[in-house]
Amino acid sequence: MFLFIVRRLLLAIPALFGLVLLTFILIHAVPGDPAAVLAGDQATPQQIQALREHYGFDRPILEQFFRYVSQLASGSLGISYMTQRQISTEIIERMPATFELTLFAMTLATMIGIPLGVISAYFHNRWLDHLLRIVSIGGLAVASFWLAIMLQFTFSMELDLLPVHGRLSQGLNPPPFVTGMIVLDSLIAGRFDLFRDAFAHLILPGFALAVAPLATIMRFTRAAVLSTLRREYVFYERAVGYPRLVLMGKYVLRNSLVTPVTQIGLLLGAILGSAVVIEAIFDWPGLGSYAVLSIATADYQATLAVVLVVGCVYALINILVDLVHAAVDPRILEQL
Amino acid sequence: MSDVILEARNLTTILGGKAGFLQRARPQTRAVDDVTLQLHRGETLGLVGESGCGKTTLGRTLLGLLRETSGEIHLEGQRVDGLAPKAARRVRRAIQYLHQDAVGALDPWWSIGRTLGEARQLSGVAGDEAVIDRMLGAVGLDLAAKTHYPHQLSGGQLRRVALARIMLLAPKIVVLDEPTAGLDLSIQAAVLRLLQDVKTSFQLTNLFISHDMSVVRLMCDRVSVMYRGRIVESGLSQDIFAAQRHPYTRALVAATPRLSTRVPAVALDGDPPGLGQDIPGCAFHPRCAFAVDICRTQKPELEQAETGSNVACHRWRELAPANDDGGKQNGHVSGAAPAYQTAR
Amino acid sequence: MSSPDPLLRIAQFALAFRTEAGLSTVLDGVDLEVARGEILGLVGESGCGKSTLVRAILGLMPQGARVLGGRIEFGGQNLLDLDEAILSRDIRAGRIGFIPQDPFQSFNPLFRVGSQMLEIMRWHAPPEIGRSRSAHRARLLELMERVRIPAPDAALKRFPHEFSGGQLQRLMITAAIACKPDLVLADEPTSALDVTTQQQILALLEELAREMNTAVILVTHDLGLVAQYCDRVSVMYAGQTVESFPHERMLEGVRHPYTRMLLDCHPDRAGALKGILGIVPGIARMPPGCRFGPRCPALLPICGTRRPEPEMLEAGHSVQCWAVSGSVVSKVPADV
Amino acid sequence: MHILRLFARDRAALLGLIIILFAVLLTIIGPFIVPYPDDAFEANIMARLEPPSWEHWFGTDDFGRDILTRVILGTGNALGVAVGVASAAMFVGVPLGLLAGYHGGRFGEAVMRVTDVFLAVPSLILAIALAQLLRAGIGGAILALSLTYWPHFCRNVYSETRSAKTATFVEALESMGASSSRIVFMHILPNIASPIIVRVTVGLGYIIMTAAVLGFLGIGVPPPTPDWGAAIANSRQHLPEAWWLVSFPGLAIFLAVLGFNLLGDGLRDIIDPRLRRAR
């Protein structure tokens, strides 16, 4: 098992290195002065010149690449044009907010998606199944950013039920930092008022982000249950008289969850992408809104930093997915 | 010696074992282990054994799809070994292969006519559409089949198309890989009849790979029994079925369901060896009732017994050959007496 | 029919499947009897309905199948009257055991073999074996010893993919007889196995059946197996039983044209390469009357219109063929 | 044709087909039937932010431009970008995946390592980063999306090819001496064409969605060309009063993507190997 983890980490490194290479090439392949590109449109000439020395753009391309990589390796993702602070510190500050949002959305999607998937498989080809399938195909077609705005418009602006943006109402200061996730930290600190307020802020963005993975999990679970029901061992388990409840509840469900569980891991990575837009709409202070901000101010260094960080998180998630898959299905262990 | 059309000398093929980039290496197995074998012109040689004994691997190595690890292959007197699959197939055009999965051997998106046309094109043989029509007739299919697609024909018909296709390549030797596996009795009989007729009318030599001893007894002139990559006993079909010397051959013949004998004593215990475990000495010793110390240490070589059969067992002289009374009523059906028979 | 009160009696059982072309009778008035402790070989070519019949006994019929008529009497009850819940609770595994064709597909890959076998005993173990899990476990270990599974204690904890085909099938036999059923249905139990393993399995099954006085229905397409292991044989063609006879009469005494031609196709027979002209009719286009008519050399005008009644020739030998019952069979040339 | 009969039975797929055909129709005849053709570019401040009415079925945006016109013209751009990206991605991905899948070895490994790089990051984030770096514009957006999606197509074709390569008929052809190019292009390609078509159909919907996100973030198609994403972006400041500004472009995206999803699902069932027998 440990050998497998090491091997997967080793496999992830060339992919990430490739990513660094790709971004480096793109910066240099773009016409115009790389320093200007990196510094961004609003940068002052001095800053561009400072960047040119910093990265040594006048030096041969290979040497520049090694400086770029060594700088990344040393953990410094460059200086943010806007805040003049180390990008890496800013990213670390903002990560917990993104995790809180994405984990909440995934939990929502799983808690609703799997049961609905099982139900629509159980009522195969009857009206409930068709209804749920329309809902799931519709869910996949809804643009999450449009849904976010519509939710914000109806629930916040019109009905004023839920807060329009941010993680906490004005005037409330966050609970002591434990996980960085306000909802959890406030529970740990026993501050239920903070918990209620933070949770209220989380609902709309969380739901907007959860719709697409929810629809996908529903489809995968339905397909998994249906394919399990066609298996020989389910026929055998009926032939030897397993009571219906035991057959469906214990065996068919357990077999059907193998694929959806691995899909949830991959979906976690995918919604990191759509989180970028949702955070921007709800001013959710996570990596996403940071990336959108850096786009607006053409601060390429910040955008690339976010891409690399998300890349690393994505690689870790994929390894985790394989571990979960191995834990769920004993046959996988042998192939690792 | 009669006209030996194909010969293998000390042929060995090792499968698995290549460690991919950071992947765990699959266990190495000697699927074909030091096999020496002759195929005489016009005969049907049976290669028989249970799953995992290497008979299919041997067939594909002789064909050239698999490259042998060591040993020589002589086709019509010329050395043809030591070649990558593509080159090997070009040099060994005289050998063709009929897949066990006849349905899968045809591209589902191509009509039968186009598939056969492609085969004729690949063969480089001159002749027009008529060649295809004649071949369809030879395998008992009507010409209307040409416009059909594989999924519109039955398993039996597809088997005939697959045979017609390789016959268009004008082979001298056809390797038949389990042609009757999984078939019902009536279809099996029709398929065996088809193979018999085609062999006679095109003067073919067949390598008949099967796990079913009763079919081998019916179709083959000579038989080689394989266990764990090695030939443990070989000889004329009548001799082998009349008197088996190697303990494994005895078990195989005894275990084959017969119409006549009632519940036979269990001939063999234990399970066929898994891939990868290397068994010292004679690979059969863990399951052999007659195993002694030498069997556990030294690999037995094929020796010629007085009846002309060869057997690879340290104790074959001491063990009285088992005879098989159940087969009395079976006449040997091998068409024209093959020319080699005189060279006992 | 033969013995006074058979363990199982199937009378004129007819079953239809729903296909695009409407309902088609897959089993057309089947008659079959099994005495206590008797091993019956149910033989026929692919698509003759032998597997469908055996599964129908356990009430395992595909969706949309409809029973057109007939009875399946077992232990004084007509199984067709019982609904799935009663069948599953009272009959399956407890009184009728089941051995599937491919053990690799029939064992659930995600559960240990021990827990799957214990699950069967938990619901169907007879009182004399005891209610407790340890009593069931002891019973399993005793049987596993008997079927020569190496290190049974450790084997219970292993997963299905860690066994060979032969060992798994021995575990299937253990599971089938663990609850001391009166009848075991074996659906082509060895067609996925090698010849030598097949012999071990069938010899073992025959030995255990004799010892426990359990009746067995062995479904197979291999006439050799039936000749060697079965007390009586019943031949089916295209959903109809054509002939049933004690095994002694197998070589010379059979009378139905199809049985005789089928036997002639066996490689052990001299005229083996003749085969049978024509092909088995598809389930949507079943010919009226005797379904072997179109391919039968002894065809009479009546064969195409009415189905022959089953006729008792000698003790335990019944045949359904107009040519035979009208003692016309002698006109059927010997080498037909 | 047999396929059409199968289609007719699957109502959902039929609905998908109708939506897509309608979108294509709009793309072709759109510019001629739009009520206010010049609204694609000029503004007329007078008619600013009018709610839906008989003159402007969908109302007008903050520049007074007729939203119905811009949504219809937007269809053309959205489809154009999607088809452009898909064909570019397939043009690179399919041959690479095909050859890498069939030949494997070092070339196959190399192709897979390169696709790993692009697949190391969620596709939306990569698209955003690339779009920003390539300085947007229609060409930039298409290039950014193509760079993001070719690896997905390549990986799909690679796995389809590898599984098709193990089919018996491929080995039979190899043993008959057929050249590898003949096997790859005349046998493997037709066999994997159907699963690829299903992937591309669903992919088109996904690309439209991503292009809309780029438009929303302002790094997609430059204004004033009509773009659904951009329309939604600049409608935000006028909420909650001008509700129609955001609803109609959003619905357009929803319908277009829904059409491709339904069509893709329907094709998958029709082309499913089990059903292929009924080809």
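Letters A, B, C and D mark the chains as written, and numbering starts fresh at 1 in each.
Simple rule for what comes next: a contact is a pair of C-beta atoms (placed from the backbone, for glycine too) under 8 Å apart; a residue touches a chain by one contact, two chains touch by 3 or more.
The shown structure was predicted, so the numbers you read here are calculated from the model rather than taken from an experiment.
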Of all the other chains, whose mean CA position lies farthest from chain B? A
Contact-richer chain pair (by C-beta pairs counted) among B-D and A-C: A-C
How many angstrom between the C-alpha centroids of chain D and chain B? 52
Using mean CA coordinates as chain centres, what's the gap between chain A and chain C in Å? 55
Intercentroid distance (Cα basis), chain D paired with chain A, Å: 23
Counting only Cα atoms for the centres, state how far chain B is from chain C in Å. 33
Identify all positions of chain C at which a residue touches two or more other chains, and write them in rising order. none
Sites on chain A at which at least two other chains make contact: none
Flag every residue of chain A that touches chain D in the complex, lowest number first. 12, 14-16, 18-19, 21-23, 26-27, 30, 37, 133-134, 137-138, 140-143, 145-146, 149-150, 152-153, 157-158, 269-270, 272-274, 276-277, 280-281, 291-292, 295-296, 298, 300, 303-304, 306-307, 310-311, 314-315
Chain C contacts chain A in the complex at 55, 58, 60, 84-85, 87-89, 91-94, 97-98, 100, 102, 105-111, 119-120, 123-124, 159, 161, 175
Note: in the complex, chain B contacts chain D through residues 21, 63-65, 85-86, 89-90, 93, 96-97, 99, 101, 104-110, 118-119, 122, 149, 151, 162, 165-166, 169
Where on chain C is chain B touching in the complex? 45-46, 148, 164-167, 191, 194-200, 203, 206, 221-225, 227-229, 250-251, 261-263, 265-270, 272-276, 279
Please give the residue numbers of chain D that touch chain A in the complex, ascending. 12, 113-114, 116-126, 128-130, 132-135, 205, 209, 212-213, 216-219, 229, 232, 236, 239-240, 243, 246-247, 249-250, 253-255, 257-258, 261-262, 265
